[in-house]
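In what follows, chain A forms one complex with chain B and a second complex with chain C.
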Partner chain A sequence: MLAAYFLLRGEFDWPTSLTWQELSSRLDSAQGWLLDQRTAEHPNIIFAILDGFRALAEWLVTAFINALEWLTWVGTIAASVLIVLRFGGWRAALIVFGAFVSFALMGLWEESIQTLGLMSAAVLLSLAVGIPLGVLAGRSDRYYRSITPVLDAMQIVPAFAYLMPVVILFSVGPAAAVICTMIYAIPPAVRITALGIRGVTPDSVEAARAFGSTAAQTLFKVQLPLARRQLLLSVNQTIMFALSLVVIAGLIGGRGLGDVVTNGLYSNAALAILAGIAIVIMAIALDRATAAIAERTDPTRQHLTDEGRRRARIMTLATLGAILAIVLVARALGADALYPDEFETSTTVFTATIHDDLLRWIQSALDYVQDPDSFIFGITEPIGNFLLEYFLEPLRLVLVETPWFVVLAGLTGMAFVLSGRRPAITAFLMLAAIGVMGVWAVAMDTASQVLVATALAVAIGIVIGVWAAESPRVERMLRPLLDTLQTLPQLVYIIPFIYLMPVSRIPGVVASVLYAIPVVIRLVTSGVRNVSPAAVEAASAFGASRMQVLLKVKIPLARESIMLGVNQGIIMVLAVVVIGGLVGSGALGDMVARGLQRNEFGEGVVASLAILALGIALDRVTQGQRRVQPR
Partner chain B sequence: MTDSDGIAAVETIEQVPAAGVSNGEPVVRAEGIWKVFGPGADKIIGTPDAELSRSDLQRKTGCVIAVRDVSLEIKPGEVFVVMGLSGSGKSTLVRTLIRLIEPTAGNITITGRDVMQADTGQLRELRRHTVSMVFQHFGLLAHRRVIDNVAFGLEIQGMPKAERLARASEVLTLVGLEDAANQFPDQLSGGMQQRVGLARAFAVDPKLMLYDEPFSALDPLIRRDMQDEVCRLQIETGKTMLFITHDLPEALRLGDRIAIMRDGAIVQLGTPEELVGSPADDYVANFVRDIPRTHVLTLRWIMRDPKPGEETGGPELDVTTKVNDAVPMAAATDGPVRAVENGRCVGIVDRLSILQAMADRPEETEPSAPGQGGRPRTPADRSSPAGGSS
Partner chain C sequence: MQVRKGKRSRWSLAVVMALMLALFAAACGESKDESDSGSSGGTAASGKDCGKVVLNEQAWAGSTANTYIAKAVLEDKLGCEVEITKIAEIPVFQAMADGKVDAVLEDWQHVDEYAKYIDKAGTVVQGGPLGVEGHIGWFIPKYLVDEYPEFASWEGLKGKEDLFKTAESGDQGMFLGGDPSYVQKDKELIEALGLNFKHVTAGAEPAQVARWSQLYKQEKPVLFYWYTPQYLNQEYDLAEVKLPPRTDANKDCKDDSKSGGDPEQYKCEYDVTIINKLFSKKFADSGSPAVDVLKKMELTNEDQEQVAKAIAGDKVDPEQAGQDWVDENSAKVDAWL
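And now, the complex of A and B:
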């Protein structure tokens, strides 16, 4: 491939004869047609259903926001904290309380409430679809087998790629945001639910059958209660996925924190960062609260006797009573629906938030890191330039300027060697499709960013992962950090690097490395950990040193996990790299961003399709011989 | 039998539905049961392929025979043991009886009802009221208290809560777990968990109890306790039981009759005495070779015909006495011991024949020929009838 690059560079661009020139304009006119259909006096049945769904989603979002506003800000805090206290324990309640106080002090209360409303609607609808499907998949092997490839495929597609099609079908607004979130959040909900149901010990299920249970009795008396913790974890994951997307949804008319971030990126950096911090806090609080509730209410661990059950019921009633009382008192005393910017007494006016102070601090921090004389700048700037100069740019040139058929053959060959014949065929078709859509060069630019970022993530991930597997202390120290990194929405990763390393494609690449690393570390650690102790013991018995055991036994035996780490890593990296298009990474992500922001629908959809094709191709190249359970 | 309140209650409930079954009618009659796993499984039975060994068939058709043409009858009040190594198809067999695993072919009748023809509802009724099962890994519900676990079968039947809890606490008393009613399964030891499993199976007052290797997961000492428990419950309640195990001593301890399975088929079916005394083939012989024969065999197997004059006088023992139990009496008298059946002397046992029986253990008699260890042993006295039981 390198030889072809040096011999034939720049000679063979993707030929125009192999490009479908009118694709973009066709899509534009199709979009026009769709728009006509959607706004027609008497829409046909499909569009009527779409429109009905849009109305439902919008109504739900508004209903949630109205409910939270009816509670007043005092009531909202009281209700959240008391409910979490009742079901999740005081630790989680404290975190939730801290989160609401932060939203208030940051002066982002209204945005936070909007985000919560949007997210709640999306989560509710996702679970309404995902849990029944998951229960079905948990009970029927055939259904599980048929749905798994669909779920796999849906999880490969970067969220950024379906913003565009959804906007075309549902136009911008909260409904589009809810629907994007559903597309993104339903697959994990289905998968985790199915795994939960399937994870119930077969002995219990068989016993139920042997005693003559009907299917419904088995489900409600045995499978659901025993899988309950797992079901609540699927709620937890759905919330995390939803939150992650709700932020991007700011781009397509979802109000709230995401909107502040995406707009602030261009106009008010400090505000965008502040909103980003609020999102992080919200993610952590929601994660801890739902995880604690899932743990605490697991009927297999609660050991509730009749007496305990009665007491629990009384506690729940008392909690609800207390919430109602607080809300009514707050309303009677005239508490605002939203946390106010200032409190008035008869004599003075207090500022209720530290919004302005925070913004000032963030701005000064920004000024510092962007000052060429500062210490931080002295570190970040060279790193960024080094990456760009020695990795990104050369690789991009290689991929773009090497004759297209060489790259195509090379990647297909890699897929064949690593993954086998069928993945190779799929990869070939997907790459060819990219070419036909006329975005070969742009897609190769994206691919170069993805490859560099993946290489970095995998290299760092393997080192840290092996280290953590070898040293329990390192693993213990890493765990909370990894937990937190894994709960953060994708876009949030990018924000700091826009200011830390403001060099074209670097923020996206570095952020995607950070986004992918936790998963790579986890997979490597568990892979190395799970190497059969007998093999390790045997090697040690033959006098192998620790290093020899590691290099000759553990890592080779953990190869499959490491390969899975590469596969997962590359998909996650792609998801973030394309979001980088929002902040100057160029390439496919940029086309989507422009499509969204300037209504260039044709271009945007082409880029979305290309991202989809690239995702599938990269997945097939790295999926390896055997597909293990994906994230 | 009614020596405690709990048991009295068990009995009263049992008697009502028991009225329909006549005493001699088998509780279970299974004929020609096959279970073949794999594609086109039902097309194999009846063809020459069905005669192939397991591995040959799997190579040829991709199918695995789990149960091969098994027929058995279980009489009321009997403890019927199916014994075999793992993979012999015994667990599959027991599941086909109530169609937890659908048999590929065969006829099954349980308390006079045709199981194979039963529709879903009838099958459910059978499982709810007539048959109950105890599982190797207990299969308890971790989210329910012990008493709710015991009441599970009754709950499934739709019995009102107060009634089923009352019944469950009776049964808990029966297995000695009345103090654990409010605990949860994971708070109990393995042995206690299986007592809960036993109680759950007893609670529905079934005609037939299926035990699928119930004690395999327990420690040896606990296992013995549990075997005693099953013996006691069987005597107290007179339940018909089908017991699956891979443990020969357990089979010999519990079983009125034992079926030994290998590669899905029954290789021998008989009383413990018959299995130990006259194994049908090398496979069975190999199984029973380590069993102390004098613990299982009765006098019938070692007695000789009386010489003139021996038929009268001297100590006498019933012919069904285990050889081991005859030792004290034989040691206490100088003369031979008379084996009697229905008051009539049927044979003579002297010290020599007892000593021979004790010495006649394969590993002691053939230490130099380990390769032939599987040769079937025959009773010391071949002239006596092989099957003297029932």
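And now, the complex of A and C:
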């Protein structure tokens, strides 16, 4: 490839005879048609069904929010904390309590309640769709194989691309926000459920059959109960994925914290950051609470005597009674539906939040970051320029200016060597599709950024991941940090980097590295830790030092997990391409963002499909031998 | 046995859920009562009940300013209940078509959407100009013009592009492009004018501001896409680079390079953008007194920048900033009533 680059650079662009020129205008007219159908005098019956769904989603969201407001803010805190205390233990209850207190002190109570309502509805509906699909996928290989590409598409195609069609079909408001969130949150629910059902040992299923169970009985009495842990994990992951769409939901009337982030970015960056922090706190609290409840209520872990069971029942009743009493007392004393900004007594008014102080602190941190004379800037600016000059730009030139057929053949060849014949064919088809859609050069620009970001994420992720595997303390300390990186809206943590590394493409790369690192670290850590103790012991017995064991035994044996880390890293990086477009990465991300903002719908969809194709191609190149054997 | 024990705790969970649901039902019933009694409050000045008006605020500070001015007027003078939504520029057209948003006060000529929603479907109607006039152009810091007076016009940039070189523009000068969602034609303009600039996309407006304000603070040269009215113009001392004027000879000159084509057809300065108010058809026909007031509402660029500066620059609460302006400009406001 390099030789071809030097010999033939810039001479062979993707030929126009091989592109489908009308694709984007066709897509534009498809959207126009949809709009006409929607406003037609006698709309199609399908719209009536969609309207029904819209009404349901809207009702759910409002019901959740109304319920929380009816409880009053005192009651909301009491109810959530006591329920978590009863079923999840005091640790989780403390975290939930802390979360509500911080929403109150941040002065973002109302927005948090709106987001909580929206998320609850979205998660509930996602699970209602995802778990049955996951059960089906767990029971049938053919079905599983056929929906996998759909799930991939749902996760990789940026939400920006389908925002407008969703708005045309469901109008703006909570319903549209719920739909967009569902598109992103259903895939993990399906995948993890399917994994759980598959994980049930064939022996148990066969035993059930042998005793004459029907298929339904096998499912409900054997497979589902035994897959319980995975099912709860899927609830947990669905919540996390749903929360990462809060900001985008804000663009189409989702209200809540998402709104504060987007509008804050334009007029009050400190406020956007504060709302971002609230989102992270909500995510961590929900994660810990669901995980704790899953753990505590696990039947295989409960060894209750009759006495204990009776006590548990009394505790439940006491919890309910306490909640009811607190809510009634709070309402009788006139507690507000929402946490107030100030408390009034007959003589004075107290400010009830530290909203203004927090904003002042964040603002002063931002001011420091924005100061080009600051110490940090002196370090970060050269790093940014170095990355651009020695990595991003050369790689972009190689990918864009090398003749297209050489790049195509090169990547296909790599897929063949690393992953085998079928992945190579898929990679070839995907890359060719990018060319046919007429976005070859733009996609290669994006590819160069994706590759640099993945390389950085993998390099940093492996080092930290191995370290965490060796030291449980490091792992414990990392956990909240990794959670933060996964749920903090990228637009929020990217603000400082725009100031610190003022080169257009760098902040986008930084955002993708930070988003991809947690996944890489987690996979590497679990891979290294799961290396069989026998191999480690054998090596130690032969007198290998700790370092030798690590480098010669653990890491080579964990190779597969590390490769999976690389592979997942690429997928995560691709998920941030659009955010990159918003902070100056240009290329495909920019096209997608413009697609929504300037209503160049066709172009936006084409760019999104190109991101998807690029994702699948890179996935096949890096997947290794992993998926070749049938599961 | 174990399965039974599991059931026990699942049962109690179910009981809790059921109780929560009961609370729900109570909450729903309650909120309905409230909304029934709530809507009768506040009678309009013109005698007709104003009811609820939904205004959409766009992301930028100028839009926040005019939306909250309108809110203060409608609530104070007509006793309306004003709700503010924050939906993105393009989806809000569908929101108006569905009657979910009543009015947008600052629309920067989304002509494609006008064709679809105003002309074809008729679900959105024009509410007349806001009075604010948008102006897009090429801007540089004032200190740069002081040093190089020839930069006051585009011809002066010719041959001096080197000055604007950065790490990412290679051996060309850097032109910092505008928010991709805004109307622009700078790539074509640079080509048509034969300038040696590389058009660098900085991304959405906050990111673009971060880039040029950083260079401004370092007193380095920077040339970028910018516009008025914008509250930052009161914070940073900027000067405009004159582009080829619009004359009778080039009256077909275009501003939006979205449609592509020959760069020559874009070779002129940006035209003044008339900023429009838009109403949903449903709201316009509702007979609410708010329709008339919003139709008559008019602001100058200075009005809008002043309030936007208070909100985004001095971090005054938008409600307060809007109210302050209404209190100080009662003569203007009375003319809308």
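Everything that follows uses one rule, which is that the second predicted complex is superposed on the first by the 467 of 631 C-alpha atoms of A that agree within 3 Å, B and C clash if a C-alpha of one lies under 4 Å from a C-alpha of the other, contacts with A are read in each partner's own complex, and residues count from 1 in each chain.
Just so it is clear, a contact is a pair of C-beta atoms (placed from the backbone, for glycine too) under 8 Å apart; a residue touches a chain by one contact, two chains touch by 3 or more.
Predicted model, so just to flag it, every value in this text is computed and none were measured.
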Open item on the list: Looking at A:266 after the superposition, I want to know if it touches chain B, chain C, both of them or none. Which is it: first, second, both, neither?
Closed with: second
TODO: Have a look at where A:225 lands relative to chain B and chain C in the superposition and call it first, second, both or neither.
DONE: both
TODO: Look at A:87 in the shared chain and tell me whether it touches chain B only, chain C only, both, or neither; answer first, second, both or neither.
DONE: second
Task: Which of chain B and chain C A:499 touches, first, second, both or neither - done: second
Task: Touched partner set for A:172, first chain B, second chain C, both or neither - done: second
Open item on the list: Touch test for A:340: chain B only (first), chain C only (second), both, or neither?
Closed with: neither
- [ ] In the overlay, work out which of chain B or chain C sits against more residues of chain A.
- [x] C
- [ ] In the overlay, answer first, second, both or neither for which of chain B and chain C A:413 touches.
- [x] neither
- [ ] For A:199, select first, second, both or neither according to whether it touches chain B, chain C, the two together, or no partner.
- [x] neither
Open item on the list: With the touch criterion stated at the top, can you tell me which chain A residues are shared between the chain B interface and the chain C interface?
Closed with: 225, 298-300, 303
Open item on the list: For the complex, give me every residue of chain A touching chain B.
Closed with: 201, 203-204, 206-214, 217, 221-222, 225-226, 228, 298-300, 303, 305-306
- [ ] Using the touch rule from the top, collect the residues of chain B that touch chain A in their complex.
- [x] 98, 100, 123-129, 131-133, 135-143, 145, 152-153, 155-157, 182-184, 186-187, 200, 204, 210
Open item on the list: Quick check on the complex: what are the chain A residues that touch chain C?
Closed with: 32, 35, 39, 63, 66-67, 69-71, 79, 83, 86-87, 163-164, 167-168, 171-173, 225, 250-253, 255, 259, 262-263, 265-269, 297-300, 302-304, 309, 312-313, 316, 319-320, 327, 359, 370-372, 384-385, 388-389, 393, 495, 498-499, 502-505, 507, 581-586, 590, 593-594, 596-600
Open item on the list: Under the stated contact criterion, what part of chain C meets chain A in this complex?
Closed with: 2-3, 5-10, 12-13, 15-16, 19-20, 23-24, 26-28, 30-31, 57, 59-61, 64, 85-92, 94-95, 97-98, 100-101, 110, 112-113, 116, 121, 123, 166-168, 180-181, 200-208, 210-211, 213-215, 217-218, 258, 308, 311-312, 315
